[in-house]
Amino acid sequence: MRRYLTRKLITYVLAFFAGATIDWGIPHLMPGDPVQLFLSKFDLEPGGYAALYKTMAQAFGTNLPLWDQYWHFWDGLAHGSLGVSIYAFPDQVTTLIFSAIPYTLALLVPAIVLSYILGNRLGAAAARRRVLDNTLLPAGYVFQAIPYPWLALVLPYLFGEVWHVFPISGAYGEGLLPAFSLTFVVSLLDHWFLPFLTVFIVSLGGWAIGMRNLVIYELENDSSRYLRALGGSERLIRRYAYRSASLPQLSGLALQLGVVVGGNIVTEIAFHYPGLGLLIYNAITDEDYFLLQGIFIFIVIGVLAANFIIDLVYIAVDPRTRLSMQGAAA
Amino acid sequence: MSVRVEHLSIAYRTRSGDVCPVDDVSFSVADGEIMGLAGESGSGKSTLGTSLIYLDARMRCLGGMVELDGQRLPIADSRAMRPYRMTEVSLIPQYAMSALNPTRKVRQLIADLLRSHGVRDREVMAELKRRIALVGLGQDVLDRYSFELSGGMRQRVTLLISTLLDPSLLIADEVTSALDVSTQRAVGEMMMEFRDRGISKSMIVITHDLSILAQVADSILVMYAGRLAERASTGTIIEAPLHPYTQLLLASLPEVGVRYDQTTLTGIPGRPPSLANPPEGCRFRARCPFAFDRCATTPPFEEVAPGHFVACWKAAA
Amino acid sequence: MSDVTATAPDAPEPAVAPLPGAPAAAIPLVPRRRGDLVYYALRNRKLVAGLSIEALFVLAALLGPAISPHNTTDYFLAHLPPSAQHWLGTDYFGHDVFAQLVTGLRESYLVGALGALCAALVGMALGFTAGYRGGMLDDVLQMITNIMVMIPSLVLLIVIGAYLKTRGVLFEGVFIGLTTWPWVARAVRAQTFTLRSRDFVDLARLSGRRAWSIVVRDIAPNMASYLFLVVVLLFGSSMLLAASYDFLGLGPTNTISLGTMMNQSTLWSALQLHVWWWFVPPGLVLTGMVAALLVANVGLDEVFNPKLREQ
């Protein structure tokens, strides 16, 4: 137990360090000076520019040697501060992130969970019925091949512009203020549906195909052969195959998270949905590097946390790991 | 109660046509008899044995009949065979080490399998416990997962499960191949004990190892290239085999205690014919030291002495 | 080694890949009749269908700019719907969409190939090393791989790309490769591990051959089919990643790609103005390219791996 968990924990800690360092490192190792870039937006007199540059450099610490800046970065992190946003000055980066997170989670979590569950069922069904397989397999591959941006354009076009069923951007209707009213909630859901559908559809294909392959493999393996030879019902064999296949599929979930997060970002940007994705986009266009870095760290933490949760679930579900951790004798 | 197989042929399709690992095979096994089914790799013995219980989707039954206790077994129809499996005919597979699903405890596996046959696990629980002790396992094995058990334990658990419903015919497919000699002996003795206690009535033990059969089997059936070569009681096969193939097989077995400077090991030169394109006539012809021109026609598998069948012109003479 | 993600050598990889359908185990070279592969290849519907469709796109990429009646730089009336003169209409700027499409196809293939190559090289180098050497080196490399896998590639690409003012196709391809290699390294390592314990490797080692020589001459050829399938998958996923990247406006400056077309169309309100012929074709074409690749990949896997064939 200890050895396994320590190993995992070390990986996560190192991953966090790596992610944070990359995050800090990129702007500092890239050509260009963030303060300079910021100030170039304003029309300043040389004298004023010099003074302002000095102040800002001091405020943002860019005049210090690299090591000191790195240290300050960690110091800030430890205090829960990710810096101040440039474009939304003087808002804290953390404030902006926290107001965007609920929207991102509202898209990500249902999309992942539902596509995973449904995808698994479809894949398992395809594995047993040849007819279903012949239609499902190509469909699954097509779905998985769809670029996120495309679906994020076609869906709102069809449902928004052409058929006027759903709105095409934003989180809720303009002119509405957040409140616990029915109109607001309906508007929220209305705006949520298409972006959710986008992430859902693309992910669905992948799970279905993965599960199908795993179930087919399990249906052919020795333990299934034995059950069949001893007259086990097809239902029993299917059930067992499904159980066996669920484990690698679960670890696959952890590894696909990065891809889905990326897709989610693209979707949010396309739909102007005010989650982290849109925040990133704005940060890029406004050259707000502190915001960008803050979001990156946040996403890294989020993905690591999700991985950890999945690891825990895996332990709970897989008897092998559970028992090896309790040191059961073979 | 007994097993009767008549003119059974099994084929599977390949790129170059049908291959028949089982070609017009007829034999019978008496009630309470342990018959050894011997032959080298590719002789078709495994296919013959397992076809009696489960015919792979890739295999087809070309013809023939299998009768168990006077009842016809619908081996060609997988769905119709299901009620017979485990209850009348059962199998200890070659892959016993990986036959148990790793995601279920043994207890659960047994319960689920029984339920497939409409048997409640508590009906057989008492008997199951007795048999666990019989094979030398602890009662806690029920609450273990398969990966927690050693290879030998898994083999015994598989033996247990396969025989739980007292099948009339038990097919043991290469159950000793992966074991060391002393465990082989133990498994062999266990199989005999199961027969003696009436847990299974007739047994077909498939192996390439004649020495095991010498210990365990009452009679031996030798197969070569998809056809039957010889069948007789174990004593007869070991002491006075008639078919040249059987003779050479026995001659190639190393004798315990004999050193290489006293006798060299002899094998049988040549290789078995390709089943995709079997030769005309007797299939052993190319490697047989006694072959003569009559061997160009297929010798029939017939009884030359009471209970002794051979497919050889020389032997029939 | 209590690595929960280790599967049995013969099991298909779970949905670990950036795209599903990763091939099953490596098939060691068995003496096969030469005609065998071709025979099965021709008979495999998925492979034939996938390859044919892919061939169409490749053809379009190669010949397109030559057969397209217009250039990407010619100006026409803006927002013309598809017609006989402009097969896919014109965009906001009056450029012919079809011309852009076939040019964009080339770009996508180029970036895809670059990305796949880069990821393959890095991933194989690390995977072979980790799988063959084992021990401490393996542990360290595994840790690095696990870490990299968890960092979402697109986000990393965004952060890097945001700082670069001019970006070329080379940059995009190489960076996509540098963010997607972890999956390759993992897969290669797992297979190398299995093969490493086989007899022929022991023989090679006993005969005193050097490690890299063994890897290149003994292990890799036995994984050839597997590696090929891996590269094909990488190709597809690189193309998709590049499209998303271009769509965000971080793609190569001054080039037209399928992603940039979608990006431009959004920026110029193609949705609201119902100029569907600007954004539907690029994504549709990309879907077709990648889907055909994936299906062909599965078919190829079946050809290489007899166990998967349904006879």
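Each chain gets a letter, A, B and C, in the order it is written, and its residues are counted from 1.
The rule is short, and it goes like this: a residue touches a chain if its C-beta (ideal position, glycine included) is under 8 Å from a C-beta of that chain, and two chains touch if they have at least 3 such contacts.
Every value quoted in this text rests on a predicted model; they were computed, and no experiment measured them.
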Open item on the list: Taking each chain's centre as the mean of its C-alpha atoms, which one lies nearest the mean of all protein C-alpha atoms here?
Closed with: C
Task: A-B against A-C, pair bridged by the larger set of C-beta contacts - done: A-C
Task: Whole-Å gap between the CA centroids of chain B and chain C - done: 49
Open item on the list: Taking the mean of the CA coordinates per chain, how far is chain A from chain B in Å?
Closed with: 56
- [ ] Find the geometric centre of each of chain A and chain C from their Cα atoms only, then give the gap between the two centres in Å, rounded to an integer.
- [x] 21
Task: Complex contact set, residues of chain C against chain A - done: 2, 4-5, 7, 10-12, 14-16, 18-21, 24, 143, 146-156, 158-160, 162-165, 183, 236, 240-241, 243-244, 247-250, 258-259, 262-263, 265-266, 271-272, 274, 276, 279-280, 282-284, 286-291, 293-295, 298, 307
Task: Residues of chain A defined as touching chain B within the complex - done: 221-223, 225-233, 236, 240, 243-244, 247, 319-320, 323, 328-330
Task: Residue ranges of chain B touching chain A (in the complex, touch as defined) - done: 50, 53-54, 81-87, 90-91, 93, 95, 98-104, 112-113, 115-117, 145, 147-150, 158, 161-162
Task: Residues of chain A touching chain C in the complex - done: 3-4, 7, 10-11, 14-15, 18-19, 22-23, 26-27, 30-32, 137-138, 140-142, 144-151, 153-154, 156-157, 160-162, 168, 205-207, 209-210, 213-214, 217, 220, 248-249, 251-253, 255-259, 261-263, 265-266, 269-270, 280-281, 283-284, 287, 289, 292-293, 296, 299-300, 303-304, 307, 311, 314-315, 318, 321, 324
